[in-house]
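Heads up, the thing below is written out as structure tokens.
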Amino acid sequence: MAKPRGRDLGLRFPGQPGPLNAITDVPGVLVGQTTLDGSMPGAAAPTVRTGVTAILPRGHSVDPVPVLAGTFALNGNGEMTGCHWIRDAGSFLGPVCITNTHSVGIAHHAAVRWMIRHHAATFGPDHIWAMPVIAETYDGVLNDINGQHLTEAHVLAALQSAQGGPVAEGNTGGGTGMICYEFKGGTGTASRRIPVEGRDFHVGVLVQANHGLRDWLTVLGEPVGQAMQHDRMMQREAGSIIVVIATDLPLRPDQLERVARRASIGIGRSGTPGGNSSGDIFLAFSTAAPAAQGAFQTLTCLADAHLDPVYLATVEATDEAIINAMLAACDMPTLKPAGRICRAIDGQALAGMLRGAGKCG
Amino acid sequence: MAKPRGRDLGLRFPGQPGPLNAITDVPGVLVGQTTLDGSMPGAAAPTVRTGVTAILPRGHSVDPVPVLAGTFALNGNGEMTGCHWIRDAGSFLGPVCITNTHSVGIAHHAAVRWMIRHHAATFGPDHIWAMPVIAETYDGVLNDINGQHLTEAHVLAALQSAQGGPVAEGNTGGGTGMICYEFKGGTGTASRRIPVEGRDFHVGVLVQANHGLRDWLTVLGEPVGQAMQHDRMMQREAGSIIVVIATDLPLRPDQLERVARRASIGIGRSGTPGGNSSGDIFLAFSTAAPAAQGAFQTLTCLADAHLDPVYLATVEATDEAIINAMLAACDMPTLKPAGRICRAIDGQALAGMLRGAGKCG
Amino acid sequence: MAKPRGRDLGLRFPGQPGPLNAITDVPGVLVGQTTLDGSMPGAAAPTVRTGVTAILPRGHSVDPVPVLAGTFALNGNGEMTGCHWIRDAGSFLGPVCITNTHSVGIAHHAAVRWMIRHHAATFGPDHIWAMPVIAETYDGVLNDINGQHLTEAHVLAALQSAQGGPVAEGNTGGGTGMICYEFKGGTGTASRRIPVEGRDFHVGVLVQANHGLRDWLTVLGEPVGQAMQHDRMMQREAGSIIVVIATDLPLRPDQLERVARRASIGIGRSGTPGGNSSGDIFLAFSTAAPAAQGAFQTLTCLADAHLDPVYLATVEATDEAIINAMLAACDMPTLKPAGRICRAIDGQALAGMLRGAGKCG
Amino acid sequence: MAKPRGRDLGLRFPGQPGPLNAITDVPGVLVGQTTLDGSMPGAAAPTVRTGVTAILPRGHSVDPVPVLAGTFALNGNGEMTGCHWIRDAGSFLGPVCITNTHSVGIAHHAAVRWMIRHHAATFGPDHIWAMPVIAETYDGVLNDINGQHLTEAHVLAALQSAQGGPVAEGNTGGGTGMICYEFKGGTGTASRRIPVEGRDFHVGVLVQANHGLRDWLTVLGEPVGQAMQHDRMMQREAGSIIVVIATDLPLRPDQLERVARRASIGIGRSGTPGGNSSGDIFLAFSTAAPAAQGAFQTLTCLADAHLDPVYLATVEATDEAIINAMLAACDMPTLKPAGRICRAIDGQALAGMLRGAGKCG
């Protein structure tokens, strides 16, 4: 049973979330996860604590319709494939998968295979160029990462099982073996509703949170990490965070790149200055209809003057998704070095501290 | 007489500042300002409320020795000249001047003239390429910006008067006519001490703060803007912020670019998501000795593994400099639209709110 | 009387130019130049050999309608203002001026003044943000650049006199004191016609050419520089080139940035590898109608699949504009060091060499 | 038996190559290739015509010493992993592999495995972050790319067999199924010698050439493609080129990025304007010793003033490597669409054309 999320605990995050407070509030965006958690009682492979999180921007549609997109790396000590083409074409086709550092290859291989099969009927005899977006963070403290245990079948399972609705957070999918502000980290999500001219749109964020030092940890403006010094894990930042931002607002690629850049401020809200060994890489995409075919195309997009609420939503949802990832996570024993426990943050204790500051109901 | 700065009021900013808590804590870095404040009683030109702030990275030395540098624009709706060459050469020669949007040209013209004269003895018959760094934010609400009142003499005066010691904050220099979070903004500064291997270095920040909406304003994690709704100025973000980061740590250009990028998180601490109409442009430079001449050069630099404290110092000092700019500023009547007063934030009221949250001594 | 251009000499440049073979083949694009050529007999100020070239993307219209734009710097040892905003907004408003390195400031100052006045009726009481595009190359070998002789009046004159029709090339405007492949350089232009779906569009290029070593010089694939070793000027590349690319094709900002990037290949055709001390900075803009106002905007643009002819046109016109600049230029005595003559390339000799290679009619 | 290379045919390429005229002229740089050429008589899998080319920047050393590096994408329709970290850290550890588009994942997976094993003794119980550089071009016209036939064993074989000496060009390794200017393309290499202060250094280039339209093809300045209209393959550019530039000169990351940018001009020499559907992605690395460990590091690098010969060498060697790739390639029947032959360029015919132009001995 899932632990309470931030708002369930009463944490007073700003802004108005969508119905699920998840990336799946953006219509058509589906999430599938394969979780290999060897730390669970009776697990066959106890040192395997990893997985993959798959995001389908256009659901299970077999039509190969790209989504417009933009990316930004606050700090590049990580990987997100597909970014060269996103930068120049402003779009990508196919899934986004997030896994551990040493499984980027197999996730890429499997995602390509899935794309070839998935779009086979549409492409028919035509050429398909499959260049999926695969991102990663490092889980070698909690997972036997050098064993490269993720398989093609695991990735295909995540892709095929992608669905709407609530997203399992914490020790799930690619986030299974993550550490965040020296607490147990993982997968987290949140969303914001953005009304424009009487119509509701959403910005949804999914993070794989594996970054930060305890002393930096700040929740809703309170430097709680400095008061929670138990079970610290490391002396020096060695993690990363991947932020995926989805929206159904019609945004151009250059606008989406600017949105992706704002995730910098979003991750900063929980205290990180963007550590040097961290791969802080962000992707923003829009599910709005792309331009129609023809020599001259017509593209609809939100006016720049309306972007500030989108930026604010991105900042807020990124921050809330990180806290949700931590709150949903569960304790996990370490592998390298062995013999310790990476503790999940105590949600009730956090709520208590924030209640004292008037930031929790 | 200057109003109390943030720490004077008891605000509990994190980190250890340098002796002056100013960019001038970096040895050799001097600041000069020309302030044209027509709003002062008896001013000859009451609609002129502008100026220029000059930073000399190598003081008044006539040796033309570049400083290594890097830049980043979180949002580019603004100007900072010299960035093409900084990006490729990783260095610049000459002063940094910050003024209003429509005085970039005259400040550039004057800075070039100053460089030609200043380095004349050294260059002698040789060529000098003068490409100074001139940045700006918009002061058209409080200043007759279209009058282009700044003159070459004003800029030369700022350059010639540059000195160490405390920096006049608030309605001073280029910051004279600025608005920040709908309070009166302006020039602000702060610094952090960074010990490395038993030696003290500093990161110093100077901002020209002209950005933000009241509802966003957050100080030390408290959303104080939402509780200070009086005298609001605008519906929509229309400002900008320039952040200049100086250090005596030996950093490579690529490291300085990464430092500049962290100012994004720094400005985010007071609440802005980086508005679309904002020119949020950041410059970082190092006063350490550049490489010696010769076909093969030797460059000393801080190891990447030691950068996180520099990033954190940049984030913290940027945030504190913005708050210092607001606290030092004074009320100013508006010009366009006319008839209102742009109020300075009430430092005591702010301190009171923060004291209630345990964030002010 | 103008000297013969490349095609007049019979040089077999590839592609189909527009009627004028000039940037002014793009409807609405006007060019004005102020030339201060003290090397002409009887000149009052013999050491002043400089000027300014002004390009009006939307002619003399007082409506402040931006043009979509993109930029690229192959090598950044130079200046082009306005690029931060072009990168983020994908557009700019106002003129493009090209002058010498030490006159960037006054040209910026004058262009801002011109914009304030020019658009006064339209803006009325509203705010105008003037951030014009000012670029430069260095003319200190032939001009008393440290005298900063260009004035506001000179720049305003260039702006006010901007017109369509043929563009004066060679020792004109900002190109007056330039050196190219150690021959006399300057202003040059060329264009290409691009039919799309039965309609004719144009790509027009204007260069201020001040780059290159003699040994590198290649015309239509022939390494002619190695056979023209007379009157060499320098040992080491110390120049720059500005390339402005205009089109009436509807291109998005990201497409225009890609177009700008192709000027790298364009300048490479005459032999330069992009010297380290060179400011090789390129701007591309489209005069097509921008998106209409409203929360949701509709933008028409050329499909990516149709871009290759635009890229090829850019490469070809950039190359031809450089050769045209050299062919139109006239001898000029040097100032620093003094006592030499910077020779114009001998068009007939060049034509002869190319005729031998079958590349001249 | 290898066909004659460009210089063997008498083609008068400019510049002075190293002893092998190959990337392996850079000491320590090794190349290994696995070639799966089903088009060879008797091949078991006739539709498989692909492979992988592995470059080991530091040979078979088990010490995990990064090489400093920089990258540039003239056009991003392709993949090169590892670029986020190269951009921020300015270095990478591990091999560079080039393969087909749909084998990027398996090559990444195998390269990670190889790195884990290869550096096992050195890392011991410590963490290794494996983020290898895997690049690709598309071979779906000549190879059953959707079959994803490359295996982990194939990649490991290429890595393990990497060696110095001459590099097999043409239909080899990742270049097996490539098409270049509508002739058969593939793997090619060239180098240039660069003396600095009496010591010889080298710039070596390896390309996987899969780009260009016949009409564009230009060799040594002669537009030979327009005269070789037989056996054309396509209407529209659909290919890509990967350029890897190695040097033993001590260059900083920012210098290496500038070097990588010059490959744009290098590929332009054979006529391409950088097609929109092309992934033109370039990597430059230096094998010079990196900075020593410690809080303050000392880095030796070439002075910027000495870079122009490096840029020129990069341009020249890139161009020559492409022509070498074409000259070494052999005819191959097409798969999709089936029934045609992708012809290798006729080296003797080419030499004849160039001899007529005085460009072949």
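Order of writing sets the labels: A, B, C and D. Residues in every chain begin at 1.
The rule is short, and it goes like this: a contact is a pair of C-beta atoms (placed from the backbone, for glycine too) under 8 Å apart; a residue touches a chain by one contact, two chains touch by 3 or more.
As the structure is a prediction and not an experimental result, all values here were calculated from the model.
J.: Computing the C-alpha centre of each chain, which chain sits at the greatest distance from subunit C?
T.: Between subunit C and the rest, the longest centre separation is with A.
J.: Contact counts by the stated rule: is the higher one at A-C or A-B?
T.: A-B
J.: How big is the gap, in whole Å, between where the Cα atoms of subunit A centre and where those of subunit C centre?
T.: Whole-Å distance between the two chain centres: 45.
J.: Just give me the whole-number Å value for how far the CA centre of subunit A lies from that of subunit B.
T.: The mean C-alpha positions of subunit A and subunit B differ by 34 Å.
J.: Which residue numbers or ranges of subunit A touch two or more of the other chains?
T.: Counting only residues that touch two or more other chains, subunit A contributes 75, 88-89, 258, 304.
J.: Give every residue of subunit B touching subunit D within the complex, in rising order.
T.: 88-90, 196-197, 250, 252-254, 258, 291, 293-304, 306
J.: Over in the complex, which subunit C residues touch subunit D? Could you list them?
T.: Contact set of subunit C toward subunit D: 14, 74-75, 216, 218, 220-223, 236-237, 258, 261-262, 264-265, 267-269, 272-277, 304-305, 307-308, 311-312, 314-315, 357-358.
J.: Over in the complex, which subunit D residues touch subunit A? Could you list them?
T.: Listed in rising order, the residues of subunit D that touch subunit A are 73, 75-89, 101-113, 116, 125, 127-131, 134, 138, 140, 146, 148, 238, 279, 281, 336-337.
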